[in-house]
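When the chains are written out, they are named A, B, C, D and E in that same order, and each has its own residue count from 1.
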């Protein structure tokens, strides 16, 4: 039985979780200005830890493991970082750090001022999000993951309605109800799995799971719950208002990372826990829903009047691509590795591109005083760096070379073609065209006309952060070989049913 | 069927009837009375499932504290325009009913298909119980075997309180919430609070203390203490503190903070985060439980009290 | 010895059960809320009282018996308080009803 | 022979159905929160029966799922509290307890 | 004896369950509240009897908890009958 002892570097895993937890606790206790400083200090430390974890995984070529409390599974809980976890940890730490520094000007507590509501909430909850995401990527225990999902919900929902306008409150409440519904279904599935096998450890389950009623029911329940949380079509209705109404730094984290967490768990579930389940129909269904999401989300994005809403609908569409990897990567065909890397690449490139674009949109909205798309004229002259960020991010969304989005979509495309599943080929191509349409709708007015009059000039550093994130999405297209080998580490060998 | 079977069957039917009422009742108040009764019945069901610890938690949190939360919310919603007119059409409701019925039947079938006797971690828990020094296996699971879950769940409570507070208008930040309470002091209520609260505190502390070996523990005791503070506030003998009060912040984080420190010290003394050195395991668990109880006793009433509704002084 | 005690337990619990029955019938059949409230308080003190009495006979040790008495006392206290509060609420409602109907407030 | 545990399990299954219906079919937010609580308690009962079936080693039930239920009850309470806080704020802003997303007037641009 | 005790517990539960018809019928919230109160007392009684009959540990503590919280819901209900407090209400009313 593999992996039931703490490996070298294992302690990094628990540190990646406990540091933000400690930061959150201290921020709540101390409050005010200190909350901000704690968040701004710990986020970059998180990047270092994530880097160290990635190095460890790459060096050993095997997952890094930590046994919490010295009690090994099934009684205790194990943390495990494979290549996918490591890369997600790194992405999370980078984007959270960027969001923290981006948010500094909006959520500063001036010296001597008393604690204020919005900054206090933002700085504590962003650390809550950081902790929750790290647990999702590291935990090897299905119930522990339930608690992580709840943490994620509780940290994300108040950020949506931070400014207290009625429409944000409606969005937050709908989001919360969807998320709770998702958690309860997930939890019910967890219960059934425990009832059948007496363990919730992912590795132990992988060895024990057999196709039987309890497992089918659990798989269905957990998948439905996670789909509601990741906002896959047709359960996407809560997402656009929630993501479009949060403050820019919050939108960036919600769209880039928070919806990826349930997706990550779906991958864990189907690839690591249930690989022995005959699942062709289910996987085709997931991909069909993904396809519908791509088409519907893109068409709705094309019709939006507001920039942030357009970007939010584009998230609905881009999540759809992630689900194309399920039928392709889970078959054990020659193309499965391409599809796997394509899916991971889409996760990463969308995260960076979308985070940067939401920040850029927030800057534009702040400087212009509105975010109506038809009135974006002259933005390109007035805020070139911001519009450049929107353009580079858009490049990745469309899947044009040389972006990370291109690599992702190209890999998914070739995998579909090799597998002979031509429907997905058509969907990917159509999705690219539609994305081209909505990105054009942003850029065409922005790049035309005389320089727009700005209420306030954006801070250079904030523009730079947005641009840097989208550039990372671009550079993913040039990822070195070691990056790909990292993604493959710890992937359990896919066995046919 | 023996007498016990009849009791169980009656109980199950009762639970279902009252749950159905809670869902179907037209008025919010009627539904919530149903829910309070439901929580009560459920705690008896839990007792019958040999889950005394859960029964205590359900009695205190499920029926008691949640009940007060819902009742006071319904009272404040009375003036609001409800979404009554948005009631879905009959075909839609029929579809929802069919879907729900299908889900229930499928779930029931799956539950009957589960192995009997089921797989269990009870033997493993029993074997490792000695290492923790406590006799109540549930406490051992919560504070030792799966302490990581328990810590994170405390963090969920912290996030919830930050989230609830964040819903205050900006001008009230730093001010105090208004807990549900009588419109003015009432003799009978004051008398009740003065008499019940001290007894409840003794019972709550007792539950934590015996929780190491008997049913009970930080959650159950903390919830009872929370309920006592709420009774005192309802009688207007005490008020919710301002959200910025340093002692309040300290009390909220005391549980998770001590848990974190104990967990980190485990890394030094026993080689793993959250590992407990065998010689000190039991006292350590009691210390952690004590601070967790404090945090729970303060967090639950503050969650019920809601966001600050007064400008800071 | 134990036979006599058992007999006592059975008798006391039966009487307690009877009060529960009577109280429920009262709650269902009595015409106005205040009468129903009166029926309810009988259950609290007599119904539970006799049952606790019957169980004390079987309890082992003073501590167990004390616990039973404490539980009974707590239910008494809670019952009396809520009865009083509910009665006030009923009366307040009646007054409001009478006022809005234009009649004089009920004494 | 239907045991107490099986009975509770089936009760849990029906409770899940009832809660699901309320969550889907009732538009009133407070009632959705109530339905969520019923749904949740049904799920917890399923854990309860699984614990009871795992009785072994002298324990009347498997303590692990029971401990999970305690965690779950606390989390469900916190969720209800957060949902109600949002709902009450919404009502104090608009006077309406409705999840309908129609926004009164043109949406303003959020700052950050 | 055990059989008698269990039968008594079942009977009491059954009785108070019938009383729950008041929750359904109302007509006022006060009536519903009384039915819930009756159920609470009945629950305490049934738990105590079952505890004596089966010798299960800790059931008395559950009953104790229920007894402590018996007035909890009623108090909240009666309080909620008053008009809701406005935000930032003056302090004069208290103490």
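In the analysis below, a contact is a pair of C-beta atoms (placed from the backbone, for glycine too) under 8 Å apart; a residue touches a chain by one contact, two chains touch by 3 or more.
These are the chains along with the protein names UniProt gives them: A = NADH-quinone oxidoreductase subunit J; B = Sodium:proton antiporter; C = Na+/H+ antiporter subunit G; D = NADH-ubiquinone oxidoreductase chain 4L; E = Multiple resistance and pH regulation protein F.
Please read all numbers here as calculations on a predicted model, not as lab measurements.
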item: Least hop count linking chain B to chain E through chains in contact; value: 1
item: Touching groups left behind when chain E is ignored (all other chains fixed); value: one piece
item: Chain of greatest Cα-centre distance to chain A; value: C
item: Most central chain, judged by mean C-alpha position against the global CA mean; value: D
item: More contacts between chains, C-E or A-B; value: A-B
item: Intercentroid distance (Cα basis), chain B paired with chain A, Å; value: 31
item: Distance between chain centroids, defined by C-alpha means - chain A, chain E (Å); value: 46
item: Cα-centroid distance, chain C relative to chain E, in whole angstrom; value: 11
item: Separation of chain A from chain D, taking each centre as the mean of its C-alpha atoms, in whole Å; value: 26
item: Residues of chain C touching at least two other chains; value: 70, 74, 77-78, 81, 85, 88
item: Multi-chain contact residues (two or more partners), chain B; value: 4, 48, 50, 53, 74, 76, 79, 107, 111, 114-115, 118-121, 125, 145-146, 149, 153, 156, 160, 163, 167, 189, 192, 196, 199
item: Where chain D touches two or more other chains at once, by residue number; value: 16, 29, 46, 49-50, 53-54, 62, 64, 68, 71, 75, 78-79, 82, 86-87, 89, 98-100
item: Touching pairs among all chains present in the structure; value: A-B, A-D, B-C, B-D, B-E, C-E
item: Sites on chain D touched by chain A in the complex; value: 16, 23, 29, 32, 36, 39-40, 43, 46-47, 49-50, 53-54, 62, 64-65, 68, 71-72, 75, 78-79, 82-83, 86-87, 89-90, 93-94, 98-101, 103-104, 107-112
item: Residue ranges of chain C touching chain B (in the complex, touch as defined); value: 70, 74, 77-78, 80-81, 84-85, 88
item: Chain B partner contacts - residues on chain A that touch it in the complex; value: 6, 11, 14, 18, 21-22, 24-26, 28-31, 66-71, 74-77, 114-118, 120-121, 124-125, 128, 131, 135, 143-144, 147-148, 150-151, 154-155, 157-158, 161-162, 164, 188, 192, 195-199, 212-214, 217
item: Chain E-touching residues of chain C, taken from the complex the two chains share; value: 6, 9-10, 13-14, 16-17, 20-21, 23-24, 27-28, 33, 36-37, 40, 43-44, 47-48, 51-52, 55, 58-59, 64, 67-68, 70-71, 74-75, 77-79, 81-82, 85-86, 88-90, 92-93
item: Of chain B, residues touching chain C in the complex; value: 186, 188-189, 191-192, 195-196, 199
